[in-house]
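In what follows, structures are represented as structure tokens.
Here chain A shows up in two complexes: once beside chain B, once beside chain C.
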Partner chain A sequence: MKAYLGVDIGSISTKGVVVDDKAQILAHEYLWTEGNPIHAVKRVIDALQKQIDGKDIQVKAVGTTGSARKLIGVVLGAQTVKNEITAHAIGTMSRVPDVRTIFEIGGQDSKIIILEDGIVTDYAMNTLCAAGTGSFLMSQAKRLGLAIEELGEMALKSQNPTRIAARCTVFAESDLVHKAQIGHKKEDIVAGICNAVVSNYLNNVGKGKRIAAPIVFQGGVSKNVGVVRAFEQVTGSDVYVDEFGHLMGALGVAVLAKQSGKEQNFDFNIQHVEFITKGTECKKCANNCEIIHVYRGEDVLDSWGNRCERGVSA
Partner chain B sequence: MSAKIISFPHIGSYHVPIKFLLNALAGKGNKAISPPPITKKTLELGTKHSPDFVCIPFKYNLGNYIEVLENGANVLVQTSGGCRMGFYGEVQEQILRDLGYELDFYTIDAERGSAMDFYKAFKDINPKLSITYSIAAFAVATRMAYAIDGIEEFIRKNIGFELETGSFERMEKQFLHALAQATNVIQVGKVYREYLLKFQALPICKPSNPKKVGVVGELYIVMEPFSNYCIEKELAKFGMEVTRFLTISYRLFSKKHTAEYVLKNTGSYLKYDIGADATDSVGKSLDLARAGYDGIIHLKPFGCTPEVNSMPIVQRISQDFKIPVLYFSFDSQTSETGVKTRLEAFADMIDMKVASQ
Partner chain C sequence: MKIGIPKALLYYKYRIMWRSFLEDLNCEVVVSPNTNKAIMDTGENYSIDESCTSAKIFMGHVSWLIGKCDYILIPRIESYANGDTVCTKFYALYDICRSTFPEAKFICYNVDYAHHQTEWKAYKQLGEALGASVFHTRRAYLNAKNELTVYEKILQSNQDDLIHSDNLKVLIVSHPYNIYDEMLGTPIIRFLKDLNVDVFFADIPDSADMCAKSKHLSRSMYWHYNKEIVGSISHYESIIDGIIFLTTFPCGPDSLTVELLLRKIKGIPMTNLVVDSNTGEAGLHTRIESFIDIIAEKKKRGDEYVG
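And then the complex of A and B:
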């Protein structure tokens, strides 16, 4: 059977799926990137191979997305390297064909995608500031002595969520400390954080966008039921969280790899190959472009980062 | 008294006419020089010595000044405009003096000032300057700016379809080099016509109905490619025709950018002037939407107040005409990858839309 591999390498987590030609998921894996995308991908590939081992499956095309898509695209010899916005839209539509709005909050970034009749008509992505994303929730969970997974359930217990300034995480944090010290209950504070994430998201990324149902919420933060409830309260409509919501980018890029029409059998034994990256600074002008070379053993696979042709030979 | 070496900040390719004009007006024994091309170092220098919250064009200008002062310049020229730019000159002059540079600094008000103010400033530098000579020099510089704008418009419309990668950019360099050699209106016209033909002769593969995107926004970011990560050329790489109205010739000599003209056409979207280029951003977005463009890119420096004013209105136009708008705020730390990711998604979105029709 023909199958397609999609890998989504984010700043915090790395996701991989193997799908058949009808975009049904045959194998999936989700783990932490831990600042080493190449190693994380090797572990993902290893896990996926174990899941499809012994079955009659041949991966014919590979796609990569996420912030390390270029590097991993070279490492895996991907047919398709796509930005995460398009990948998420395609992936989500393969699960929820009539989706109109996609909320996505990940570890460091957040985006909104507006669709109409199966076509992306508008989108936005956070710039300059990572306020209200997963890493903010993580640091606040730690401050409150909670595991990140506990936040959602705890928020649901709250009857009277604390108001927390949502504009900026620095203000939010000092507000939160203050509210805790004057005696607000922990579950109220946690619910307040969830509300703050939602209001920050809708006032920044979602500003000026026409949010219509059906709404799908995904990315790591969608696992937090407290944030889901806050979204439902503010938008006044149901917010659907897919069981594979965290895999949509990987799923989308697997579909795109299939659509590319380019086929080449993929070798899962990649985890034993050594890939090395080397960064050099081109000294040929004051731009000092940081050029990255990717080696497979001794061979240079690819280089990038130069602004002009002078850097190519560096 | 030592020779006066006059310089100015960079913006796009306009260093050619600006340098020509300043050189012509400088007088005997004096000369004008261009700052070194903008690099990361320029931005680092500018950022280091600027107030943190000032808009990014200020930092680029200051970086240019410091680099050119190190190259020997001792007279600097700045223009001022109808926003925070109105304070650029005074603040930059003070910063440079505090850094210990000896210089003369001239600020020319481009918004309210007249050609006469410009002449008076130069009369100060070069007391022998005559009005007729100034007008002649100004005519040549103007013609140069028109030539650049004409050639760049052709580039924007066609570079996305070049068959040989880099052919347009190489030709552009040759053109600017040839233009810088011209000394009178006839020569400028000759260079322009010669290179327009050369550009037209470059092989391209352009569909009859290409995807079209327009660029609007704040003057400096729109016109200085270094500050916007060469966004026009990056856009073109996705096989698009790029349109931009904001150029020096448009800004200085076209009445169409004036608030009265723009407001006549904006109907219920805009009733009064919102300052600097923001009124124009709304007016041109509306023009692009009405002309059936596939998308709009809105550029501004982070914290640019006039352009922040224009954004909700542009967003409204986007919804009414179903034309996607991509907004960018540039400062000194935006990553190139982030820009490319958003542009690629924008191009994908347009491709999907076109494919479905």
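And then the complex of A and C:
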């Protein structure tokens, strides 16, 4: 059977899926990048191979997305290298074909994608500030002595969520401390934090966007039912969270790899090949471009980072 | 006499005119090189925090020119008509540079139409300062002005040639000093061209015509340089597939203008790229690539409906 591999290499986590030609997931893996994208991808490839081992599956095309898409695209010899916005949209549409709005809140970034008739018409990403993302929830959970997984359930218990200033993480934090000190209940504060995440997101990333149902919510924070409920209350419509929500980028780029029409048998043994990256600073002009070279053994596979031709041979 | 011209801000608007005028008056012209990392860093060191990246870059170019010429030309520009003005930077720069670089010598000319200080009067004073007769100055001014007009006409007709191509067409709405700067706009333009996109520049169509057309989108906008580029949106509306606003952080006039336009313009996909000296290429590429994906899909759909 023909199959397609999609890999999404983010700064925090690396995701991989193998899909058949109807975009059904045959194998999937999710693990931490740990600052070493090449190693993380090898582990993903290894895990995927074990899952499809013994079945009649031949991977015909590879796609990469996420912030390390270029590097890993070279390492895996990918047919398709695509930005994560398009990949997420394509992946989500293969699960929820009529989706109109995608919310995504990850560990440090968040984005919104607006679709109409199956095409992306608008998008936004957070730019300067990580307010209201997973790392904010993480630090607040710690402050309250809770595990991050407990937050959602606890928020659901609240009858009367505390109002927490949502404009900025720093202010939200001092507001939260103050509210705790004057005697607000813990579950009300937790529910307040969930509401703060939602209003922060809608005021910053979602600013000026027309949010229409069906809405799909993805990213690590979508696992928090308190935030999901807050989104449902504010938007007044159901917010759909997919069990494979964290794999949408990988799924989308696997679909795109299939659509590229370029086919070449993928060799899972690539996980045993040594890849090295080297950074050098080009000294040929005052720009001092940082150039990255990717080696497979002794051979240079690719280099980038140069602003002009002089850097090519550096 | 050697006159230095910083390759930043108004250079991109007036370089043809300045060179022609100054050389006609027997001056040698020295232009600083393309912006590079070193110029950017120096500029940052000589600027206050609140200054926009484009103005910081200007300071770097001025610093590069010191010791390589006799005078550095920095005009002081306040208005081009009654009821319009420019960003305060353009009337402050000469004085800022004089106090930042006391060791250097500068020459200046003042343009302020709202107070009857026309461009010709300004050049007359400049010529006088350079020791030329009024007659000689007048001839040099008219020649220089003419050369600039001819050059602008060529750029306009080159851009008009692109109108009939089948590629995706994106209008870059930004100031020339951002679009053509080696560290700000050039990498973005290059990336767009690699994606097979035809790039239209807002600063190229005729300035007076564009100022008039800007009224379609805002009657009360009073920044001259913003009117010039905003007019291009109505001008090219029917042929472009998308608009990219390119602004440097933290530009006052642009942040207001872009916010206004994002709300007013309907039916054309738009995106706003804000760049500063810390902008990473990876994030920019993701934004541009996904924007191009959007307009490519939209165009494909549109063509299908028509076909």
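Operating definition for what follows: the second predicted complex is superposed on the first by the 314 of 314 C-alpha atoms of A that agree within 3 Å, B and C clash if a C-alpha of one lies under 4 Å from a C-alpha of the other, contacts with A are read in each partner's own complex, and residues count from 1 in each chain.
Here is the rule we go by: contacts are C-beta pairs under 8 Å (C-beta built on N, C-alpha and C of every residue); 3 or more make two chains touch, one makes a residue touch a chain.
Values in this document were obtained by computation on a predicted structure and should not be read as measured data.
Annotation for the three-chain superposition on chain A: chain B and chain C clash.
Within the superposed three-chain model, A:85 lies in touch with chain B and with chain C [touch as defined at top]. Of the two partner chains, chain B is the only one touched by A:210; chain C is not. Contact with neither chain B nor chain C is seen for A:183 once the two complexes are overlaid on the shared chain.
In the superposition on chain A, no contact is made by A:297 with either chain B or chain C. Touch criterion not met for A:145: it reaches neither chain B nor chain C. After overlaying the two complexes on the shared chain, residue contacts for A:309 are found with chain B alone; chain C is out of touch.
Within the superposed three-chain model, A:35 lies out of touch with both chain B and chain C [touch as defined at top]. Note: residues 67, 82-86, 117, 119-123, 125, 127, 208, 285-288 of chain A belong to the chain B contact set and to the chain C contact set alike, using the contact criterion stated above.
Residues 67, 82-86, 117, 119-123, 125, 127, 208, 285-288, 307 of chain A are the ones touching chain C in the complex. Of all the residues in chain B, the ones that touch chain A in their complex are 36, 39-42, 166, 302, 311-312, 315, 318-319, 322, 324-325, 327-329, 331, 333-334, 337-338, 340-342, 344-345, 348-349, 352-353, 356. Remark: chain A residues 67, 82-86, 117-125, 127-128, 208, 210, 285-288, 309 touch chain B in the complex.
Interface residues of chain C, counted against chain A in their complex, comprise 36-39, 182, 187, 262-263, 269, 274, 282, 285-287, 289-290, 293-294, 297-298, 301.
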